[in-house]
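Shared chain: subunit A. Partners: subunit B in the first complex, subunit C in the second.
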Partner chain A sequence: MCKLWTKLTGVMVMASFVVSDIALAAGEKASPLVIVADTRRLTGWEAWFANLYNESHVYFTLLTVITIPVVGVILGLIADLVMSHIGIDLKSRELAEH
Partner chain B sequence: MDWLYVLMPISGVTVFWPGLVILGVGVGIIGGFFGMGGAWMVTPGLNILGFPMAFAIGTDIAHMAGKSLISTMRHGRFGNVDYRLGFIMLIGTVVGFEVGAQMIMWLERLGKVELYVRWMYVVLLILIAWMIFSDVVKKRKKEREARAAGMDVEKLATGIEWHKTLHKIKIPPVIHFKAAGFYCSAWLPIFVSFLTGWLAGILGIGGGLIRMPALIYFIGCPTHIAVGTDLFEVMISGLYGAATYTYKGRTELLAALIMLVGAAVGAQIGTVATKYIKGYGIRIAFGVAVIGCCISIIMKLIPRYIAGTKVAMDITSTVLILGLVGALSLYIFIKMLQGAREEIAVRKGKT
Partner chain C sequence: MIKKLSLFTILTVLSSVFIFACGELGKVDQGRVIEFDKEKGTVTIVRDKKANSKNPDYSYLPPVIYEIPKDPKEMGQEPKTGKRMKLDTGNSQIVIFDMATQNFKTITYKLVEQKENIGKEDPLVYDRAADKPKNFPVIDREKKTITIYSKRQKVLTTLSLPTEYFTLPDNTWDSGDEVRIYYKEEGKARRFMNVSKTDIFKK
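Up next, the complex of A and B:
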């Protein structure tokens, strides 16, 4: 079963890369557009952030893909704490249609 | 009041940040409650706040991944996510999306892709709305008949029961979906997700709007499980979408994070509200959202046939979408508050 899931996950990851190319090809042909962040007005972390974007979209993508779930989990846990503090049961519910 | 505005380092636009938080809360509530990403609500909202369209789409997808993760965590703890069903459906979704994208290429060669897609979307949404409301009518009729016979209706009884017929097709492998509570051929969810993925590929949408009712009416998931399982799929596709859009340089990460702060609160409210609103309450509210979405698309089509109405229709459809998001969020929030208050009162009464 474990092997099957590993294979399925592998196929899905591969397919997701293939699908993206086909999906993009499906859209209208866009003229090549390069967006460059203007760093002249920026200082500190903002300048670092914009420079990272300008220098490498790969690193910027990695930063995004790691940051979003991590921040999501942290914010979710904080909201959990607040909700639990109010006194709501956050682990069970009654399954009913009406 | 300069502190209310923040400069987005990548796109270079200055944005009213409380607007991002409010948008995050609204879509968090609705996404957590209905089990969908809600790109059709957020993208126009971000565009209004000042983001160029490409950044509006990329930023929306990045925030959607985080928001769906929060909602899926909560739904998972409630037992609302059937992970096995979610993984199996991913296969059909990916393949279906590819076929849909190929069809768009073919339609593009015909030169009428946008018009066909919009009309197809309208027809599809009308069908979904019809399905939901005829289901509600049938369920009420069953309830009346049961009451007249002096009997009670089962907790999970529904009006439309197409899934019962589909479950009789026993092509191997037949799998037990524990959380959803039924046995069926694995080919049924694969086929249904292929169809929903194909439609999503053609329409250029995430697919939650189609997948949620498909999970209920064709696969037979109880409403709460359909919401949770759909969110699980939205989370995975959202993460992939965030990666691909960011790689193309169209994501404003700072805006996504600000929205996520609001969405963390909204997603909890929306998800916890499913604890207090029964399945048919969710279905009816979803039907209302579908009708609103359909009207907004029809408004986008009107200028094609009546000249000089573009500006008015654009403004009206945006107001309609944002008004609908606001009204539905308020309804869900009030129901959640009422439910929580009752639960806390019962608990206090016991201790």
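Up next, the complex of A and C:
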């Protein structure tokens, strides 16, 4: 119980430092960092993907987060297929030790 | 049950993203700012004709007017205006946008001094004590000279012009900020980026 209270007090002290840091950082109001992807010379899917970023960061993030694992699975399956064709068997193993 | 639910959620999110993404997306425009009216909420740019950010060509006429985004989160730093479109050091010519004729004007100048390969943090153009860039152009109305610094060309030029040009406003000799606009409807910016004042590598 005593340990718990010590930890809680420590967290509160650290939090107070963080709050004061935020207050110090709140100086002159800066303009937001706005980025527009340059799609003027892009065509096809590249233009579409970059324009999706310009349209909505939320949708761009969602699509990226979903696309990466899907592409990973597809590449993994292709690698599996290639390896089984060249004779590398990853589905079973024989123990060499006796 | 949980597996079915998570699969259903992923499929719902994926289909909604694709439905949204298949809709009509906007276009991007880029140019140099010649006028900015904060009260009216409009910005006038001379479009980059080549669409090549490394070697721009500000020669598209007429100038294009855009309404700036109403949402302040979609608007970057306010742009600086300027009428200098090109500094041709090889032919000793300067191209400005003339507001009276709404056209470009090419002026041949007499070179006084030129220093090349001047980076943006060179002591000649950067005040280390104040930690900010020095103000350019420097206009000397007595000597009839103008000193211009071009960050892109890395050149610091002092040139001499006929007396008649010294009645023009100071920003005639300055280059306006380069801005990039995302729009869906002609003349209405949905997102506004000040390329000249945005350093994505700065913390």
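The rule we apply is simple: the second predicted complex is superposed on the first by the 59 of 98 C-alpha atoms of A that agree within 3 Å, B and C clash if a C-alpha of one lies under 4 Å from a C-alpha of the other, contacts with A are read in each partner's own complex, and residues count from 1 in each chain.
The criterion applied here is as follows: a residue touches a chain if its C-beta (ideal position, glycine included) is under 8 Å from a C-beta of that chain, and two chains touch if they have at least 3 such contacts.
In this text, all values refer to a predicted model and were calculated from it rather than measured experimentally.
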Winner on subunit A touched-residue count between subunit B and subunit C: chain B
Of the partners subunit B and subunit C, which touch A:79 in the superposed model: first, second, both, neither?
first
First (subunit B), second (subunit C), both or neither: which does A:37 touch?
both
Quick one: is A:91 in contact with subunit B, with subunit C, with both, or with neither? Answer first, second, both or neither.
first
After lining up the shared chain so the two structures overlap, which partner does A:57 touch, if you call subunit B first and subunit C second: first, second, both or neither?
first
Indicate the residue numbers of subunit A shared between its subunit B interface and its subunit C interface, in ascending order.
34-35, 37-39, 41, 63
Under the touch definition given earlier, write down the residues of subunit C that touch subunit A in their complex.
10, 13-14, 17, 20-21, 25-30, 51-53, 72-78, 180-182, 190-194, 198, 200
Which bits of subunit A are touching subunit C when the two form their complex?
31-41, 48, 51-52, 54-56, 59, 62-63, 66
Under the definition above, what is the set of subunit A residues touching subunit B in their complex?
5, 8, 11-12, 15-16, 18-20, 22-23, 25-28, 34-35, 37-39, 41-42, 46-47, 49-50, 53, 57-58, 60-61, 63-65, 67-69, 71-73, 75-76, 78-80, 83, 86-98
For the subunit B and subunit A complex, residues of the former touching the latter
7, 9-12, 62-63, 65-67, 69-70, 73-74, 77-80, 87, 90-91, 94-95, 97-98, 101-102, 104-105, 108, 139, 143, 153, 155-158, 201, 204, 222-225, 239-240, 242-244, 246-251, 253-254, 256-257, 260-261, 263-265, 267-268, 272, 274-275, 278-280, 340, 343-344, 347
